[in-house]
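Order as written gives the chain letters A, B, C and D; numbering starts at 1 within each chain.
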């Protein structure tokens, strides 16, 4: 896989009204995104409701994404709570053509997830993986803080090529970036800090909001890349309210409502996530309109 | 299932040196426990490393437990991060003869796990379950606090019969007990507070330490039941140091070491949990000896 | 000071409508409490709004309490964020007749408040104090967890005589009790766990709710002391809802409203604490009536 | 006070070997800083050990800072746990010539410190203050999170002119910046995120590390101001390791050691903060040398 640059959505997983996987809707979204300025896709991420998917559903999603991604990168989330299960899923998705895997910190036995336990886990997965491995920290959902020195420790493994850090703590992101070799790719997983993260040296953004506003998200990246900081800051300010709404405020149900509002296929979330009310949907629709107006103005 | 009374171990899952499920060791443990004063078994709990088991392994463990439990209760942990997966597993284990299921709070999407989301989840599972349902809160691992009023809300469902609350916060346990009808069973999941939890009205203890010291754990219960508070307090004091060692201090690897020390089959943990060093094993062995001496004295 | 037994209210500090200290109201409360079954008083505790008092106000309160406490114990909260300030205040209140001091963990520089920093702080205070010292942990307000082994470390100092632990985590309380010598006094600071804490070996309760319901709080203690566990549990269940309301739910403004409802002098809180609305006051009044009815029934 | 631009150290408070305030050392530091590219000083901040100072010491420090600051801004930390005490101290330091006050969130009664309680507190202080008021959030020490919408609510008061936000969560900082009017000044209080905070629109940095490395901290600011992003990022990377050492790793004792190493007067911390060992002092000295070399290179 070539080094990541630019924006990747962690793609949502559409379900039909019975809660079954809606693969056709998933494929329709990929076709719509093909026209956007995106670097690739993350399949089976947190926003893809991976925690609520069965293994056969996961494999079907990877196949579909690979078939429609063309030359774009397909990164696949394979982190599970046991090392052996993570290895097994990593091998399966590599067989299906995943370009790389994104391995969430195991997290159920939180007090035992020391830096050393995580280090061994990642080395075991990297040893067994046929494809490059990205580390993945999402403390809001896992409750496991990322040890500041761990990325530098792991960067010496030839198959561990980068990290997606999803908090908005740029103190942590900065410490990671200054501790790793230049080849190690650091992706920002929090849209409200995309622009300042790029300033610190992040190379890419894996952003929920890129499901519903890929153009605006990419525009922030392109403005930064062009050295137009004034524009990058302005676009970031336009992106932030929508990004907060589809993550912190309304969660994945909000993100799916925004995808619907953008004319793609969002649909329902799987329980225990709850459906969104009409007022929330309208709020999200208005935020999407406002974000797009700011950008195109 | 008759109302729970007394002590149930959340049984450990032995693995062989390759990390494969060791069903023979599991069965040997059940045979050893048959001679102890235990009420039943919890299979696929947190201490059973359920988070690291595949579904076929889970079903094999339930079958084995059911076959060897005799008239004792077999409760099975079936809580997963999606409602539909929880329902599916619940039905499967009920088919295999589980007396009841123990449903952990879903927890990956923590900020969305409001009291209302949990309420809907539990009602959906209870509606679909062929067997009685116990609520199960384990905040240390899930990061999801138990809403104080939720048990009372759910107690009106005829198949929701109790809760296992696993923190040592007896303020929470007391609020639950005083809010639910008398028929609703409240089990204590934290051995260091077993005796005071019984004083507050808990009816049972589901205790990791009962894997390695079932006699002492049951003795606390029996002393309380007999109204011998002085003895209950003394036995509790003997139990606490070992209980802390096999949970907070050394985790499941420590619990398995204690099971080994007790002459049963503990064995290895699955990665990313880490193996225990020799000093820790010796510490645990000494604590087990001391606990047993206190009790038999 | 003789060993603590029974119930002590951490007495509230009345203010007049301008927010000035109302010493006459404070004295009137002490006179009313004189008729109750109380062991003594804690002055300048968290519920006394010590964090919002000037030093001259603190000294006036200690003088007034000492003058009206008769033979009852007067414990005074003197913990401040610096060791030297804590020592200075400790000496001043000892000069005014405090029987002992209660020293809250320093807490502003949280990450630096290691077990060793706390140990040195307490030893320095104890060395300089003319009167016995009680350790005081109130993690909800300080954000500093109590190190489980610290009480045992400090118990060897002849002037460190006990601890007030104010969480409802009886796992922690039990670990403290089993680690200290018998002479070391452990007081429970959380009313909803008073009865089970006594079962574990606590000797006293320092309870906010004893400001407004001293009779019921003492009745729990007396029932336990008499070995009447059934009655103790029943009274505890009557106490808990009121105790939760005047602490977790409504805070000190709620406690003062309950004191008003009990016919004593509660009055206003100092800002930034906020006054209570009419509905909350009514809720509290009803809870007080219900608690008293349960008890006298 | 003119709008803040550039870098201000929250100045340390030197103590002599008996723990008494060393005003001469404080004045010597101010004289040394006079030659640096600094905007002004924050006196009585968290790094000034304000929590461990008596009021007469506080006033002496303000007088000394005012006398030696020349035309530079002197901002004074006056936040205390009660509104009335905060108002009183604010008035006193305004009389002594403070240009503005910096008001920390009150925090002892954490669960009661709702957005509404904080709003009333700040409005009451601003109404009574003779000088402009800066809001001040330092969640690491207070345990009180800053409500994202509160700054915008308060910005309509003519005397509330800005905020110092001291976490490294630039998601929060960005939400504040995009919600307030342009005149409202947002200062970054976390050196490891200075450069990205400036990119987002922060106007100033109030940085502990500016006590010991004012030149490097200012150089980051100047590079950003000049539009030299490559240099700003490089200087930020040089600043971060030292900044982490004198805050997160070693605390104020580390900061004072770095001030000593820089040839100024750091000295001891007040207990319960602990003195630093020789190895830590050497680590800090080496980090200071490395930081300065990076910068001057």
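We take it that a residue touches a chain if its C-beta (ideal position, glycine included) is under 8 Å from a C-beta of that chain, and two chains touch if they have at least 3 such contacts.
Predicted, not measured: the structure shown is a model, and the values here were computed from it.
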Intersection of contact partners for subunit A and subunit D: none
Steps needed, at minimum, to go from subunit A to subunit C via contacts: 2
Distance-maximising chain from subunit D - centres being C-alpha averages: B
Inter-chain centre distance, subunit C versus subunit D - centres from mean C-alpha coordinates, in Å: 35
Subunit B-subunit D separation of Cα centroids, rounded to whole Å: 49
Two or more partner chains touched - positions in subunit D: none
In contact (per the touch rule at the top): chain pairs: A-B, A-D, B-C, C-D
Residues of subunit A that touch subunit B when the two form their complex: 19, 46, 49, 51-54, 81-85, 106, 108-114, 116-118, 120-121, 124, 140-141, 143, 248, 251-252, 270-274
Residues of subunit D touching subunit A in the complex: 167-172, 174-175, 177-178, 190, 192-193, 195-197, 199-201, 227, 229, 233, 236-237, 240-241, 244
